[in-house]
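The first chain written gets the first letter, and so on, giving A, B and C; residue counts start at 1 in each chain.
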Amino acid sequence: MKRTLAILVSNPLSALGVILVAAVVFSAIFADFLVPFPSHRGAVVDFANFNQPPSWQNLFGTDLVGRDLFSRVIFAYRISLVLGVVVLTIAVPVGVTVGLVAGYLGGWTETVLMRITDVFLSIPPLVLAMSMMGLLEPTLTNGMLAVTAMWWPWYTRLVYNIARSEKEEGYVLAAEVIGASRLHVIFREILPNCVPAVLTKMTLDLGFVILIASSLSFLGLGVQPPTPDLGSMVADGAKYLPDSWWLTVFPGLAILVAVFGFNLLGDALREILGVEQ
Amino acid sequence: MTAAPLLVLQSVSKVFRVGNREIVAVDNVSLDVMKGECLAIVGESGSGKSTVANIVLGIYASSGGAIFLHGEELPQRRASTHRRAIQLVQQNPLSSLNPKRTVGASLRLPLDVHGIGEKADRWKRVSALLEEVHLPADYRSRSPAALSGGQRQRVAIARALACESELVVLDEPTSALDVLVQARILKLLKELQRRRGLTYIFITHDLSVVRNIADRVAVFEKGRMVELGTVESIFTNPSHPYTRSLIAAVPVVTDEEQALKDRLARPTEEEFERI
Amino acid sequence: MTEPTLLIRDLHLSFKGYSGLVEVLHGISMHINRGERVALVGESGSGKSVTARIVLGLLQMTRAARIGGLVAFEGQDIAQLSRRQHHRLRGTRMSMIFQDPTSSLNPVYRISEQFHEVLKRTVPDIEREEGDRRAAGLLSDCSIADPERVLASYPFQLSGGLNQRVMIAMALANEPSLLIADEPGTALDVTVQAQTLKLMRALVARHNTAVLFISHNLGVVREFADRVYVIYKGRIVEHGRTADLFDDPRHAYTRALMDAIPRLTGGGIPEIVDHSDSYLAPLIVHEGCAEPGGAR
């Protein structure tokens, strides 16, 4: 704990990461109480105030149907975070399990599992997600599905490499000599030693999932209106540049802040947990 | 020491295939391990001493020969009961204890795997094991990182005891430790052997340690057992030139030891070249 | 009286950690005269290896390290040297041998190429052929029977013992006045280690090279060194000529170390009574081993 604080104090960027992420998460959770116009998250129309530049009343200006952009950006954070958390809750256990099994068992199991993983890894992620979204309905659920499908192999790769080196450690031999089951060795002995690296990657990935989800909705394949989403906000606003600059700049900055924050936090975590690169 | 051998190796060999080449790591070794003795297997790297240990433990399948425990042949794929019968203490206690699990969790594992003791009593057993290796019982909640090298090795020894096996393979158990710690660990091993009637197979390259802990010594060179004898005969009258050169190479601290080394002849020119 | 090759006076070292300063060396003083073999012996964590790293100028680059006191090499305070000057010294006037020879050599270059780099340190424009010729000579000085084959090999194709000899040949190639040997041969088999030490001893005697010999193994020290410093928890506790120190260890810690070593002649496993308080007793210097200039 003392060490953690010392690292955060000695490295201002790490501290910034903590602050940014805390701010993003806090505002996403308490969006209803924080934003001036909670109802603007949905299909509200206020033509009296449409397309207004930033003012004290509307910090980020208003959109083309008069909704407060600040309120919508904050609610979009909520959607992005939920998306990120759901994607990782599915992708991480799958990826980690495959990686552990392949790394520890070796032999045929390893060959088969890792070749499948390689196939997924060889497809550019956005292309995979786009083709999946093309086949399926472009809904939020399918968006998550698409992103998840392209996310797990990275965890497999990561954990596979750790498991392969941990397998050579004496404690694995010790458990085998005692007669412990493979399940025990995989999940109780090796898995705990993968946790720091996985946790670090998850933090970094929350930022990237937000980014990729935004890219999908920018292309019209993600979250559908009227649900606020950073990617579609940027896409919609782009048609009105440079005159209505606030329509793109603020959602864009919001993406930047979140991704940047999670990256800094991930780096800090890497140092705190002592993960080797 | 009774006359019945606890473990019998009968013409055991191990061949590793590397590409098209075959490497004979253990070449037709026959050896009896008597109940209650400490048998040292000494040799340098590539002598096959560790391979023999791994075959005994069932980590490697042998390429030929048979192993008998209590007169019963051990299969290549060991069942849980076979595993329980032979335990291991490794060289490096930093690696042999899982850094992410507490000392207590590591010590409980053998109890849980083999259903030793009532479930409710197992933590008590863990504490008793710690006390047996002279560590405070509350160390069970510690992580290995909070322990010194010697303390970690004590935990590793306690783990080997947990299975209540008669035979323990000690694979260079003190060579990663400082001398003061080494002396204490060796004392502990002797004490446990006496108290529990354990049989040790002590794998090492350190002949000074062997001289003071072993009853019998098997000298290995390039996969073959070149000499087997009691510790007295090996150290006063070694018959094989390799044994002599091993003893002559030990760095010593007293004049008496130097005199012993000098008497046992220095390595010949031919041996010097071979190295 | 000539300058000692290495003079260390009141050397302090501490590391800045997250929980404040950790003191590792509490003011150690030692010296090595020309051509002298001096051992620094202690357990892990005693500070013996960091001392070597300070002399080599490697620790000075670590941001967390705080170093105080004097380290003089051939009369020159190394703290006054620029990083470049220090770099120029390493591998020429001052060289080193490490514990594990195989990992100290670069696996992707042949021995001949690595040797050439070493020789270029003193003769920058040395031709490859000339370099190979000199290397072959140096290798055969190290009792390597077929230097041409060794030069054409990669380190992983050679045994640990051969690699160690190659390391020794490289370390002595530029005629250094000081060789720092950090646990040489510990990673090798005993018979190979014994041969290596014998060889190293003969070579440094022939070249009149001073040696700082870092080891935890008292037996090895006894066979190699002229003088011995015993270090315990960052303090020198005893200092004397090898024969004197081994015949008559006077400091409680040295005695405990000696007693703890199992004897080849038998006698059972030594009883270790913990007297760690007495291990912190002040330095004992044997007759005729005072530090030059009266430092302690």
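The rule we apply is simple: contacts are C-beta pairs under 8 Å (C-beta built on N, C-alpha and C of every residue); 3 or more make two chains touch, one makes a residue touch a chain.
Keep in mind the model is a prediction, meaning the values are calculated, not measured.
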Inter-chain pair with the most contacting C-beta pairs: B-C
Per Cα centroids, the chain farthest from chain B: A
Chain A-chain B separation of Cα centroids, rounded to whole Å: 50
Where chain B and chain C are represented by their mean Cα positions, the distance between them in whole Å: 32
Intercentroid distance (Cα basis), chain C paired with chain A, Å: 52
Sequence positions of chain B contacting 2 or more other chains: none
Residue numbers of chain A (touch at least two other chains): none
Residue ranges of chain B in contact with chain C within the complex: 44-45, 149, 178-180, 182-184, 186-187, 190, 205-209, 211-213, 235, 245-254, 256-257, 260-261, 267, 271-273, 275
List of chain A residues in touch with chain B within their complex: 169-171, 173-181, 184, 188-189, 192-193, 195
Of chain A, residues touching chain C in the complex: 2-3, 6-7
Chain A partner contacts - residues on chain B that touch it in the complex: 57, 59, 78, 80, 83-84, 86-88, 90-92, 95-101, 106, 109-110, 113-114, 156, 159, 163
For the chain C and chain B complex, residues of the former touching the latter: 43-44, 143, 145, 160-161, 189-195, 216-220, 222-223, 246, 256-272
